[in-house]
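Data block below; observations after.
When the chains are written out, they are named A, B, C and D in that same order, and each has its own residue count from 1.
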């Protein structure tokens, strides 16, 4: 149950079998940092090239293909006072005929983050919003493990191994479960957002560097097909694909499996329960793979 | 500002230019009933054939193409104690390879509704859920106006005129705005659900007949493109299409228009605001057209 | 086996239960005309409002729901010398980020049709193409029967009843089969194209009025689910939906059924045959419902 | 202009930066072999594990990111007499409700290939097809270059770098153009099909090992975005994505660029030309990314 302080000096813009930066054991906690999507750190200095650079990979001792890696996001918090967003909704998110009516220039907006107060305030550009203020709601945009079949997959996209899911529900206190595809699992994380709307429809949250603390747990011999998660209120499954319909199919199928395998429900009970109680969240509709989240309130689970 | 008590004796399973059952004026309130999706009334008697039979159409005096009709759902409540659901998740909602692993027989489940306590309890079939109880959350599955271009469109599907959107957010207290395409607007409603999960993934909510009270308001010369709505907390826009991606495009585009036209926001402000504050709900992923809802908290609107 | 000369004086921009213009019997032939998509006739005179106005409906005596109506397109030919096209590819057909790089103004192009030579020559606008000449390949963009469930559906779109499929394979000599949903079937036709590319990606073919001759055959008690067709070389099934993936699912499923029901193939044989011999054509990717065509060469059918 | 005889002894089931097996120069020809999808060679011996194992990578001297690699498929021919196919259409290719009506067991079919006569004859299983015979039409299912951003991508799927496109048009005589993303381009190829239907809807063509001869040409400083190709009759562009709609968007956009950049057409001319002359082929609708091909007859190109 060690606690590791880890200061990254190398970052990867893809998830795959790279040299591990640290070996950790089941139950260990890591305190580390992530740079923002553009490769800027807590001093707003460019320390690596952009494109969702990832901290890691962390090698989890004894993790083998067919296991499940649980990652508890103990604490996620911006570690600097400036955040940036894009300012034009992506053309794939609006009606094709409306694309030419949108702002032409995608300038960057700057936001001042007040960590004490827990707010983000729009500084520029000048718009009718003025100095618009939002509550911080820090979440991790991209994290996951090395994918299967020897692949190395860009941190711009996502699949069964996690990756760039940009789901606003991945906040402090959530535990996320990833299938293990390679020895050591190889955990990566980055792309912190101080705030993000559903869908990440401008292509960014409020992008910022993060202090991160997480704790891993290894579930030996537990096989899952897609990322799963839980928070105080819900259990969740995540599907990553295009179109959204397919992402929803993946997430729903994984939820059915979870209920039948781990909660002792028969098939008929599972279908009746989900039919009247399922909830869906839209993760991202910007990245190459979209993300749909299937949720069920824990209060509805059999006891 | 009349209050009309209306007892339907004819129902339609499509929305279009049919003989109005009642003429009402701007500001009027109607107290009426709807039968369930199968055509059964408050005595659980079959009074019309199934397929989402609609009460109406109500002719709103002075409504003309190019206007907007506001419908406030004052009160929606089940008026009998038995509700029914399907019990198998639709094959289009799971991975294609998983379809053959699902229950073969789509038996009907029966639920006992306790109107006093506000609960629905599963009576049959026998499953591991036992006598599973859910809080009532009554919503209207299908409502809307006559569509454009002389069309008559089945109450199984939805489009710009509303229809079978099966969105669990359409509860008592919500005001829904429809574009008016024909003289009198011609308002229809039916397909009440005592409870429904997101997506209506088994193809039904807990289907039941309803007592309904609604009040109309006519917005002369106000043109909208898709259904809009508001409740205490949010403004909402609704897109109906397949795939979900296209429904999301329709809803997002309509929200952009609404913010720019009615709330005095410039384009840049609108895009920045939605980028970090937008929310999406999944309406249905069962009907021929899927439904996606775009939401914005009223607290973020300019004052 | 009568031959009817029919001169239309009413047109509909939707398909549904309207007053029939002519009653015809099984085996009868009709010689008639269609106006172009904008309502212009053989004299290029506007005789009705635009939006794919349809000639018909023709009532086929004895046709009842559950039958199939075969329509042989005996002869389709432009009956005037001017045709028109749009000149900008639809924004839904290109990458969303490319939309703003396309021509802004969608001017109309004019083409001179030489019926004798069988050519269409671009007259204006002036482009690097100059006086570009194409061989005529006349096809019917929109035709079909009254849809099910009392619906009236716009001639801008398509579904199980046919409609605006904009498939360049619907040329002289093809026989098309439609499911009959209402007494008399109620056959409509219009939207002739002198030439059209796959997908109708600019939203038009070379739009022109037509002389049309067709012959109907009634297949009593023969039930089909989607339009089917045959020409000298192929049997074809048509799926209309969005996205293209769903249109392809409809067309493929209908082809499987056809092979198993009418050609004496077992399921295994059907799947092996289609696996190695199936062909697909893209009908339209412009209209509200896209069209995908599934084809099989007759030479591969069991004898 | 060397001719290299290359006998592979290592295969990869993903495309990316692996150790090159051979360095070749602009203009060189390679004569080599590919194993079938399951890793079986010309003696039907398992020589590597399955999953579309690839011959290569071939390092093209002087190729750098931003160049284009032209690969002429001089000759593709099966080099053994047994081929195998799956026998059930994939569930994503039919209506979701039809999935449970399909054959349960996906047995393998065996085909006898007569290289002299150019035929494939079904040997087993026993079906109503009997000893069904098809003409050989050998094509390469999977080939491409190393992808961008340091990625290694499975040979089960495809993207801008090519990969598992399963397009029946990739036959002897075709020249295919790939964007170069890494030094040396790193060309891979495998997954030969003796015959294949459009879409590869059973998930296989007639899978067989191949003799392959190809010739490379390096187009320095020529930048393309997606694979392109040409044969005697057509120029072609290839889009790989889901849904088919997005694959079609990619292919169409790349064709517009090609016409405007290399054939001296203004935008208006390009749009008019494609509007009436474009053709589409369905590549595959089985793999994780679907493939759509956009084609234009060379006879319509400006001279």
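Here is the rule we use: a residue touches a chain if its C-beta (ideal position, glycine included) is under 8 Å from a C-beta of that chain, and two chains touch if they have at least 3 such contacts.
The shown structure was predicted, so the numbers you read here are calculated from the model rather than taken from an experiment.
Novice: Any chains in contact with both subunit B and subunit C?
Specialist: Touches both subunit B and subunit C: A, D.
Novice: Comparing A-B against A-C, which pair counts more contacting C-beta pairs?
Specialist: A-B
Novice: Could you tell me the distance, in whole angstrom, between the mean C-alpha positions of subunit A and subunit B?
Specialist: 32
Novice: How many angstrom lie between the centres of subunit A and subunit C, each centre taken as the mean Cα position?
Specialist: Whole-Å distance between the two chain centres: 47.
Novice: Tell me, which residues of subunit D touch at least two other chains?
Specialist: 92, 96, 242-243
Novice: Write out the stretch or stretches of subunit D touching subunit B in their complex.
Specialist: 90-92, 96-97, 99-100, 104, 243
Novice: Provide the residue numbers of subunit D that touch subunit A in the complex, in ascending order.
Specialist: Result: residues 13-14, 16, 51, 149-154, 156, 241-243, 246 of subunit D touch subunit A.
Novice: For the complex, give me every residue of subunit D touching subunit C.
Specialist: Contacts found on subunit D: 85-89, 92-96, 98, 102-103, 107, 109, 122, 125, 127-129, 132, 134, 195-199, 201-202, 204-206, 242-245, 248-250, 252-253, 256, 264-269, 271-282, 285, 290, 300, 302.
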